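Both complexes shown next keep chain A, but they swap its partner, so chain B is in the first and chain C is in the second.
Now for the complex of A and B:
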């Protein structure tokens, strides 16, 4: 996945420590998606993915930071969202990305489902925490 | 020695000029609040406060956290609470205390001894004003959490749509706390209204993620255990596509795009059940 580090400099930041922060982060992402002119279906998919990843970060990573920004690439515009936590990391990422697998009490579709909902998906995990970066493009 | 004589001077000044100071204090605070509080009420509040501060200073010095100030502190907390409820700002609330400084300044800051006394008294008032801000914020937090609770109750009505059919129009975010309220209300209404069908309408739910889906599924399973059929309606096109991409399966739970379709389906089922009943009797 391309590095969108420059975009993050101007990003909107939401600290996620409670479940109402997840709702806030979702609102920020939705507003950006609307501003970026994403069609309604894409908006909904992106916001849902952000909701899944934000809640994962809260439940399994003990909270973290969500950064979201508008990005442009070869004439199309999209929304970049980054989820960074300082949690224990995911021990077995291959298993965690499988449908229906969960270490908690959810449906086990959060990570794998979120990946299907967006155009670009990148996950880096280790003992220092987990970072998920996603991009959803306009058309 | 110096501290004692300061206290002494302060007590003397406060006691001797009580009515003048109180008058000025009420005028300054009243000016700040711009008539949103009656002078009589303000006079009573500040009068009580003035007397309790004076009594506390007389008894034992200028430490706002000391035991002698218990009464003054509880008066202040009460004042802050009522200000917070009436919609005054925290600045206006704290200014009610700070204004006493302005009143005392010309009377005390005439010589060195007086100035020192004034500074010590100012420190005491700073402590007390901080207390009002703290009490103010605590009250606001109480108000917010009670409103959140009210909202939770308000936003989850269960309505009777037809004989034997109840509807649950969901609006907003569906978290665990709300699901619990919805589920309890729905199950109770099913019993009370003797209904066989429940329609859960999610037109007003902007985001259906796995958590929302899981909560919906739990509610449906609970209703089924009570012998009621559940239909989920209000699935908009973008939500349908998102649910499919996420991989959520609603299994054999019937879903519909509109509440009207869901109601028609429920009524059809009820009619069919009634027909079966008649046949069974014959």
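Now for the complex of A and C:
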């Protein structure tokens, strides 16, 4: 995945420590997607992915920070969203990415489902926490 | 301190119209409220209107499926109405098929379907 570090400098930030913060993060992502001119279906997929990843971060990572920004690449615009927590990390990332696998009470669709809904998906996890980065492009 | 989604009774039907973006606790509260109201009122049908919902993620999707199962055990059929096309496309791609959940395009068709199901059972 490309480095979107410059975009993050101007990103909107939402601290997620409760489930109502996940709702706020969703709304920030939706507003950006609308501003970036993403088609409705793309907006819906992106916001749904953000909801899954935000919840994961809250439940498994003990909360964290969501950063979202508009990005552009070769004439198209998109939305970049980063979910960064300082939780225990995911021990077996390959298993965690599989459909139906869950360590908690969920459906096991959070990571794998979110990945399907976006165009770019990157996850880095270790003892210092987990960072998931996604991009959804417009048309 | 979260908002609760109202459950309205009309005859033998309970109507739930979700009008705001739901946080997880609100979803769990609704599940409990609805089960309690079905038993308290002896309702035969439940209509859940999600036309105002901009997204349905796996948590809300699971609530809809679980509600349908709980209601059925308690003797009431559930119809989910008004799902936006973009939401349906997203749900399928997410991997949620909502098996066992009856749906209808809108409230009117949902009520018609409930009447037909009730007639079939009688």
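By our rule, the second predicted complex is superposed on the first by the 139 of 139 C-alpha atoms of A that agree within 3 Å, B and C clash if a C-alpha of one lies under 4 Å from a C-alpha of the other, contacts with A are read in each partner's own complex, and residues count from 1 in each chain.
Here is the rule we go by: contacts are C-beta pairs under 8 Å (C-beta built on N, C-alpha and C of every residue); 3 or more make two chains touch, one makes a residue touch a chain.
Keep in mind that what you see is a predicted model, and the values were worked out from it rather than measured.
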Handout entry: Fit or clash between chain C and chain B when superposed on chain A
Key = clash
Exercise for the section: Could you look at A:99 and tell me whether it touches chain B, chain C, both or neither (first, second, both, neither)? Expected result: both
Exercise for the section: Report for A:113: first if it touches chain B alone, second if chain C alone, otherwise both or neither. Expected result: both
Practice task
Quick one: classify A:31 as touching chain B (first), chain C (second), both or neither.
Solution key: neither
Exercise for the section: Could you tell me if A:86 is touching chain B, chain C, both of them or neither one (first, second, both, neither)? Expected result: neither
Practice task
Please identify the positions on chain A that touch both chain B and chain C, taking each partner from its own complex.
Solution key: 19, 23, 26, 30, 40-41, 43-45, 47-48, 51-52, 55, 99, 106-107, 109-110, 112-114, 116-117
Handout entry: Residues on chain C engaged by chain A in the complex (per definition of touch)
Key = 2, 21-25, 54-59, 61-62, 84-87, 89-90, 93-96
Exercise for the section: Would you tell me which residues of chain B are touching chain A in their complex? Expected result: 173, 175, 206-211, 213-214, 237-239, 241-242, 245-248
Handout entry: chain A - residues contacting chain C, complex
Key = 19-20, 22-23, 26-27, 30, 40-41, 43-45, 47-48, 51-52, 55, 99, 106-107, 109-110, 112-114, 116-117
Exercise for the section: Enumerate the contact residues on chain A facing chain B in the complex. Expected result: 19, 23, 26, 30, 40-41, 43-45, 47-48, 51-52, 55, 99, 106-107, 109-110, 112-114, 116-117
